[in-house]
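This is the structure, below, for whatever I ask next.
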Amino acid sequence: MSASRPSSAALTPLRHVVAAQQFDRERLSELFRLSAEMERVRSGGGGQLLPGRIMATLFYEPSTRTRLSFEAAMLRLGGQVIGTENARDFSSAIKGETLEDTVRIVAGYSDCIVLRHSEEGAAARAAEVSPVPVINAGDGPGQHPTQALLDLYTIQSEIGHLDDLHIVMVGDLSHGRTVHSLAYLLALYRGLRVTLVAPDRIRMSQGVIEHLLKHGADVRETEDLMGAVTDADIVYQTRIQVERFSEPWEEAEDQRRHFRITEEVMTRLPQSAIVMHPLPRVGEIDAAVDADPRAAYFRQARNGVSVRMALLQTLLGR
Amino acid sequence: MSASRPSSAALTPLRHVVAAQQFDRERLSELFRLSAEMERVRSGGGGQLLPGRIMATLFYEPSTRTRLSFEAAMLRLGGQVIGTENARDFSSAIKGETLEDTVRIVAGYSDCIVLRHSEEGAAARAAEVSPVPVINAGDGPGQHPTQALLDLYTIQSEIGHLDDLHIVMVGDLSHGRTVHSLAYLLALYRGLRVTLVAPDRIRMSQGVIEHLLKHGADVRETEDLMGAVTDADIVYQTRIQVERFSEPWEEAEDQRRHFRITEEVMTRLPQSAIVMHPLPRVGEIDAAVDADPRAAYFRQARNGVSVRMALLQTLLGR
Amino acid sequence: MSASRPSSAALTPLRHVVAAQQFDRERLSELFRLSAEMERVRSGGGGQLLPGRIMATLFYEPSTRTRLSFEAAMLRLGGQVIGTENARDFSSAIKGETLEDTVRIVAGYSDCIVLRHSEEGAAARAAEVSPVPVINAGDGPGQHPTQALLDLYTIQSEIGHLDDLHIVMVGDLSHGRTVHSLAYLLALYRGLRVTLVAPDRIRMSQGVIEHLLKHGADVRETEDLMGAVTDADIVYQTRIQVERFSEPWEEAEDQRRHFRITEEVMTRLPQSAIVMHPLPRVGEIDAAVDADPRAAYFRQARNGVSVRMALLQTLLGR
């Protein structure tokens, strides 16, 4: 009713989901409202919101978790799925077909395409030629927008608000695509404090820090995990991805141990705070922490289905 | 009503789809009528024509495109799909199980089997033992009947008739299974003219040419692509499949360039004509041609779903 | 009504299916009653018993047959399937994620998990942490309970009773997981006679024999297949799994030939008896035997779907 707060109908229709930057506060708010609605659809045993619709998963590199999450989302909406687990090794790609041709063909079989690719910019190229919506499920060092969206939704859903947050980001902040995208999204909100806890070799890139500062966030870097968490709302832990280093890094294991979330770290963390992790983890969070109600990482993974349902419904529903 | 034109009910029921030769003019006409109906089902968001039915895809060699097309067809009909992307590498086959045993077992799980195999005759062997319909999705150098059917359907749907056509076949006419099968189907129709444009090394096999001649077609061979297309109804381009040559063929790249469909070729082609390609292409058609309305190859791929829906409905519907 | 024979409602609800030993006579009787009902659902073209429910297949080693059988079962019930053909080679597992973490995450996407793993005890570990039912689809040298259940169901359905049976087990009785599990289940019934026909090197393990004896079965070992079958109810043939021997066994082929089910063996077998095999077979049963109505192995494979439907319905239905 009020002119100052446009209704969801006023949003430009979303055609593709290529990058987290497509989402402003308003669109995020609408998406999260719908995601919460989708949780109710899920607990009611799924719905018939997209009957007869087909989602194609085109994965040029494996990512079982992401694929299964998207497939579950489409099926919960009453839709169907076709796809391939490893498009790169298969048939037309090895014969030299371009990504654009493959996308145009698969678009003739389906109502939307979920694309995972190793090359940055692949999703944008696909969206350029596709007559059906394309969702980026990760394009190499580029974007993985649905991960960023589910992370932000988890914060909203667990903490209850997105302004005035203190987030502590721990681990490999240099290669971690998820922390970069999340930082960009969080920068849309007021009163943000970000504490970056990383070994010197894998610190947050200067570009992200400058973006945060430009948007008014309070940014601090430290190696003191214990001190950082005492007034945190969120501790976002990431895996130290040894496979990403061009040269061997002998201290990787030591560093992982040093920046691990242990029961001791948990004693310092406020009761209302949460621990997040994009998973898989390989030791960065002690298994003993799992039973703590503040351990939100499995709920975070579960939220991926609701957020992806909301995106699919937005792209394909009428 | 008229005794001279038997209704579709008079056709012998189709049990399996093994070879394009199973289809005569009457059966093709019935299939294409149903395929056109399926296009309407698709634009209506799919139907519930085969609810509860299960199609198994048993692919002993990968062919992502063909598999996805079949799966989309079954799902659009309201059916379901089980299957394996690479049957050859998996479990029972490596233990030495025969194709016949695998087929008998999978038939116990499903209502029809779509088989892709590297050995000629595999589909016939499967059909021999299977209690449920088998559809040949390509058996090595043998048949790939659904490709031939969708090619012919595309011609019917784009040009409007199948008699009195002039088709120009270009590229690798020696290894190209699709042009062989299409030639056999086209030979069923009157007033056919076929112009074969191929490098000397990969000319159309004498057997196919004789078959065309015997059925009254006018067949010409030339290396002059520009001249050939001026009064063509269809230019059917195929990929020069370098991987099929036992010895290296150094001029392959040159030849591919020489027989490429370029914008210049398109200026010679009549406005009512179409360009087809079984895809994937690797440079035989310039990307600049894609925007031309006569470029029918992506519509051709899309038609595969309608034709496969029609086949599944014929085999499994009551 | 009678207090002495509790109704099915009195059974402790089944949470997970990890081992065949979870099933006593009463639970088996209830499961087989439901399995027979499922055969009717199947011949009616499937049902809508589990609409909207999602089964995840998490296969760390390939077993196409088992996976397809489970998927068909879930789809016949009106449910849906997500899964991976080869979890081990894919993404999170190679990054070092524990089975427990993967299971917790996949449980957030689905309503039950069918797990195949190469390590004994994997299913029990998964069941320990999973908030949704886990079904063991084989854990290495451990259990493969649904195979044992479908074997027993096949006997019940083909012979009509489970007491007073004479079963002849032939082949690799040492490595054959299926004959061990079946033996344990059969030991629950009265009047059991077991004849074990195996080469010396791959005789039935002493533990299984003792278990049978302790439960009152009459157990005999022989190498005389011809003599053994003359009053058999069931001949259960297994494959000699040469890949399981640590050292080469040169006589394997000879032994396989010696213990093969031939037409001659069939002439000695009573008319009311059946031949079973867990499949795949590689020569242990002559193809000529397939046409004999007593050859029950393809029906046995087909029964797998009904038994798995019954299990899924028990775990997920209300």
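Quick notes
To keep things simple, chains are lettered A, B and C as they appear, and every chain counts its residues starting from 1.
Everything below uses one rule, namely that a residue touches a chain if its C-beta (ideal position, glycine included) is under 8 Å from a C-beta of that chain, and two chains touch if they have at least 3 such contacts.
For clarity, every value in this text was computed on a predicted model and none was experimentally measured.
Chain contacts in this assembly form a complete graph, since each chain touches every other chain. Between chain A and chain C, two chains of identical sequence, the interface residue sets overlap only in part, with shared numbers making up under half of the total. Averaged Cα coordinates give chain A a centre that lies 41 Å from the centre of chain C. Among all residues of chain C, those that touch two or more other chains are 85. Within the complex, the chain C residues that touch chain A are 51-54, 56, 80, 82-87, 89-92, 95-97, 101-102, 104-106, 108-110. Within the complex formed with chain C, the residues of chain A that make contact are 45-47, 62-65, 67-69, 71-72, 75-76, 78, 81, 85, 239, 243, 279-282, 298-299, 301-302, 304-305.
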